[in-house]
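So that we are looking at the same thing, I have put the structure below in structure tokens.
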Amino acid sequence: SQKEGSKSGDDGQGTAKLEGTLTIAGSTSVQPFSEVLAEKFQEKNPGVKVNVQGGGSSQGVEATISGAADIGAVSRDLSDEEKNRAKLTVTPIAIDGVAIVVNPANQVSGLKTEDVKNIYLGNIKNWKEIGGIDAPITVVSREDGSGTRDAFTNIVMNKEDIVKSAIIQNSTGAVKTTVAGDKNAIGYVSMSKVGKDIKALDIDGNQAIEANVKSGTYKLQRPFIYITKDNPQGLAKAFIDFVLSPEGQNIIVEEGAFKIK
Amino acid sequence: MELITKPGLSNCEKKNRSLIVAENRHRRVDVEKLIEKTLLLSAAVFVLIIALITIFIFAKGLPLFSKIGLGDFLFSNQWNPTKGFFGIGTMFIGTLLVTMGAMLWSVPIGLSSAIFMAEIAPPRIGKTLGQLVNLLAGIPSVVYGFVGLIVIVPFIRESFGGNGMSLLAGAIILGIMILPTIINISRDSLLAVPNDYKSSSLALGATHFQTIRYVIVPAARSGIITSVVLGMGRAIGETMAVVMVTGNSAMIPTSILAPIRTMTSNIVLEMGYASGDHQTALFATGMVLFLLIVGLNLIINRLAKAGTDDGRG
Amino acid sequence: MGAVSIKDRFIYGLFYLSGLIIVGILVSIIGYVIARGVLVLNLEFILESPRHAGSAGGIFPTIISTLYLTLLALVIAVPIGVGAAVYLEEYALSSSKFAWLVNLTAETLAGIPSIIFGLFGFVFLVIFLGMGWSILSGGITLAIMILPTITRTAQEAILTLPPEYRENSLALGASKWQTIRKVILPFALPGIVTGVILSIGRAVGETAALILTAGSSLGMPQSLFDPARTMSVHLYMLAMEGISLERAFGTAFVVVVLILIINYLANLSLRRLSR
Amino acid sequence: MEKVYKMQSRNLQVFYQNFQALQGINMDIEENKVTALIGPSGCGKSTFLRSLNRLNELIEGTTTKGQVYLDRQAVYTNEVNVVELRKSVGMVFQKPSVFPMSIYENVAYGPRIHGITKKNRLDDIVEKSLKSANLWKEVSNRLNSPAARLSGGQQQRLVIARVLAVDPEVILMDEPASALDPISTARLEELIAELKSNYSIVIVTHNMQQAARISDYTGFFLNGDLVEFNNTADIFVNPRDKRTEDYITGRFG
Amino acid sequence: MEKVYKMQSRNLQVFYQNFQALQGINMDIEENKVTALIGPSGCGKSTFLRSLNRLNELIEGTTTKGQVYLDRQAVYTNEVNVVELRKSVGMVFQKPSVFPMSIYENVAYGPRIHGITKKNRLDDIVEKSLKSANLWKEVSNRLNSPAARLSGGQQQRLVIARVLAVDPEVILMDEPASALDPISTARLEELIAELKSNYSIVIVTHNMQQAARISDYTGFFLNGDLVEFNNTADIFVNPRDKRTEDYITGRFG
């Protein structure tokens, strides 16, 4: 992994000459962000090669503990079990908003948190109950363990169970495609991936936009975190520093997530 | 080997050839032995791999049963990892149903098109078709999944109701994915049936179809069984596409239009993000799947063996 | 003496129909992929490196990675797979317990979901043996995945050869291995090629297992020990993370073309090899 | 009594790709008679036989010109039901090829596909056919074992039984006695003599004595030509063509 | 001059699963002589031939007891190099089976695997073998066409040429003349007479005249037993066993 990952300069920033290979592994939702960050980082440090791997948050933790990866990328909070396995340093690098989305053809444009919860509890089954047309609601959710779902159940569901009949998709893309293809579907995805074939709903009258996330009026959000074994050192530290630098944070914003405070 | 009488003979002028493995022949024989050993090793690789995989899956999966009874795991329909409920009963049923559903249409269509390519279509067309079918085998599962999601699911929703993500959608997509395996392996073994059988049958006044039905297909039986077994293996093991079109609700389906979750889907869906007991439960799912496949193969082996004695080989 | 009976015509009709269904499926799926993918397709898309996590630039490194990984998997799996088939059909007695065991394991291996291979490869190769995410780890994992197909098809091809060929060759004083080399393998070749081609398809189309073993890093691999992202993994990321469905289909289109080319070359080179 | 011709060939030519194997054969095959075909290896005897029931069509690259008649109906036309033709004109091949099934199933195959399904009836046919082919005694206690396990001569007799079970009108036999011991050969010759009253038989043989013994007519082929065709007695006693004489007296070549 | 025995079998028994096909055969095969084996179909002739070069082992479920000697060396032992054995003891099978290759490649197959790679040398061997088998004239202009396209008799001669090309010491022939016309048969008989000076030949034939004409010794098999084995002259003129007499005079069964 971190081969000859020494830096010859005395501070971790920009101008110092860095060399070696850095491996980041984990959450697939963080992966595109890490990739763009790595692209920039490598441009600035031609001697560095950054490998960005996916595999999921759990694989990221696994790989970081075993040393196969220098940095693990996780799109949810670490579980207690994971925290106990090894001494891991957690560095939040971005905030990602989670949007509740429906088909653009749906005439509903905003819901109360309580309604969303009731839909996902299976109590509200038809769009007409909440101001839509007379059609059954197709509830689309993410899989157990997903960071997006984690945020959704914590904030919207209050840890109550999502209805068993919900359609489960295991990626942002699949949820998007499902909702884009079904006029009566509702789902939730990372705000950065909303696009024009699905429509984000206002929640409790708050639009799903950066300002509301920042101000905390739009509560549905989750962190992207980097984990390292012990405190980050060498290349890993240099990279994390870069990510947290204004330049790095700007890239994150360009890609659709939000700065860490 | 018993020796009754030694031949009592004199003056035997021998050629300078020795039947016995003598020094000068040593090397040649050694090469043969060496090759046999190498080939034996190749075969042993299978056992080694399976052993490694077994150890690995079982080591990771077995600990679950210290917390949850095997019966609960197998037969309970409650799957709620965050709350600590791990029951794969629904997925067991889902796996069986979607595999059967896929086989139900793709085996007959696959076999009859294999026959079409081998026996009925002009050889050139048959060959071209075979090569095209190989293309189907190379299309990544994800593409099938998205095609399913964008084309087949809405089609089902519009034509039959429900939301489209269903057992039916899974069976259609899976069936398409195993077609190449079924078609091309059976086609090959149909083509390998000696021509003499065909002419003998036709000369007895059999129609072309009767010849196919009663001589050619039975003679190619073992290859056809292989194709179906490999196809079924692929069906059970295929996930990426199934996950995208079956809806994955952990419920017992009430109709072919209801969503289902298979055991493989369960693993693929959650493994990337699972930890702790949840992860162990997913490995235990893999373990059950593994045993299911072994059992299934034992049964097929038995069935295929019954009445294969045609005196060849 | 009349013409062909109505019943026969009906049966023939069914056969033609199933042929047509296959053609229909083929044309619609490939047609769909091409229609969705052709928009992003240009020379730059094929020959340049991806930029911006794949939402810009091309897919060149993923093409190269796909080729490396597939080739490595074949180099490992074809000799072992065909070797095992030869052993089972030519050396082992059909009643032997070992043969029974190998056959059973081969079939079991065929049914194991690729995600399990991926997890196995991840824990055993990537972590335990310390190979890391690399072409080597991915190639070995793929090889394990395609072994059963190669072996079973080769076995089948050998089994269907008329036993007389074997007898005649041996009676001419050919050794067992010579008989295998000169008679059995060449004549079983079409079946073996079918297995190899199906396997190439499987290897090129695989995603889940590769993400865990070869990784999904976007760089251009320089050695066996570098991580690599294949085209399928790339399109998986593009589609599943909602980066760009159009580019995903563009990549799929290139996969189809690549499969065509690889199949052609595999056919050609294996036929050469048999001489 | 006027002669009844069961089959006739008119200017029959067969080409394998460019190679012409039959040069335009005219032959009349009389009903309820045995016609023997003789001639050196490679002269076209098998080709001729195979073209009588249109089996040559199965070999890719084969073209057939001229005409063959069965009961004065043309055989090479689009309207002919080839299956019916082959059912009426049975064939024993030069290389006996048994199906990979049991002995019983090999013989029952023909009757079955022609619609006989009753077990009794099939049993009867199998037994009768095997008896006629002089194989019954050897195999009656192992009817269900694979036919591939029979000895060479047993397989040849099995193939004969298989054809008899279909009960055709014409039987074409391509060296049916080649792998048979003298006893089985004698039996086969007796059988042919018996069958004659109900069937028309064409037999290829390399055994001149056999041809002389069993046949009513003999045709001598050479390089794809029918050099001479006549009463067997005439051919063997009074051959008109020098080449025929040379061949049957063994002075050929 | 004392007799030199090239091959010998002692109490040779062969079982197919439970069926005993050979009942304990003792036979001495003299060097540079022709030994003919006769007997009704299914009596074990092919089985006996096939056990002389251990080809029976290829059929699963076969057990062999007793011993066979080649030049006084035991053949059924673990130390024997079966490949050498089969190279020294060549075999022409009852059912000619050509490899699906060209005519040339079929004949060159044996020499090639025995290490001859020079084109000239192979060409010579192929030509010589095809000439010996009396096939050269018919195929010299199409050596590269597939062997499967030959007529039945041509294939049989090709198989003979293929064995000659390996130049064994003993040649086992299982009804090599079954599909041959009289001319080719006569040639084959001449060939056998010629080969005799360098090879030891064992031939299975159903043709009594042929056995009488070409062989020095004749063995009569019946139901897996070697009923009588003697000088050919004695066997045919003075059979000691009633069953032999019945068989060769055709009074059998």
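Letters A, B, C, D and E mark the chains as written, and numbering starts fresh at 1 in each.
Throughout what follows, a contact is a pair of C-beta atoms (placed from the backbone, for glycine too) under 8 Å apart; a residue touches a chain by one contact, two chains touch by 3 or more.
Fair warning: this is a prediction, and the values are worked out from it, not measured in the lab.
Counting only chains that touch, the fewest steps needed to get from subunit A to subunit D is 2.
Rotating subunit D by 180 degrees superposes its CA atoms on those of subunit E, with the angle stated to the nearest 5.
Averaged C-alpha coordinates put the centre of subunit B at 46 Å from the centre of subunit D.
One inter-chain figure worth recording: subunit A and subunit B are separated by 38 Å, centre to centre, where each centre is the mean of the chain's CA atoms. Taking the mean of the C-alpha atoms as each chain's centre, subunit B and subunit C sit 14 Å apart. Spacing of subunit D relative to subunit E, judged by their CA centroids, is 28 angstrom.
Touching two or more other chains at once are residues 94, 162-163, 175-176, 239-240, 245 of subunit C. Contacts with at least two other chains are made by residues 28, 32, 146, 194, 207, 268, 271, 312-313 of subunit B. Residues of subunit D in contact with at least two other chains: 84, 95, 149. Taken together, the subunit D residues at the contact with subunit E in this complex read 16, 38-42, 46-47, 94-96, 138, 149-154, 157, 174-175, 178-186, 206, 208, 247, 250, 252-253.
Put simply, subunit A touches subunit B in their complex at residues 27-28, 55-59, 61, 76, 79, 81-82, 138, 143-147, 153, 159, 161, 164-170, 174, 177-178, 181-182, 184-185.
For subunit B in complex with subunit C, the residues that touch the partner chain are 28, 31-32, 35-36, 38-47, 49-50, 52-53, 56-57, 108-109, 112-113, 115-117, 120-121, 129, 131-144, 146-147, 151, 176, 179-181, 183-185, 188-189, 191-194, 207, 209, 220, 222-223, 226, 229-230, 232-234, 236-240, 264, 267-268, 271, 283, 286, 289-290, 293-294, 296-298, 300-301, 312-313.
Chain contact summary for the complex, subunit C toward subunit A: residues 51-55, 122, 126-127, 132-133, 211-212, 215-219, 227, 237, 239-243, 245.
Note for the complex: subunit B touches subunit A at residues 80-83, 145-146, 149-150, 153-154, 157, 163-165, 243-244, 247-251, 259, 261, 268-276, 278-279.
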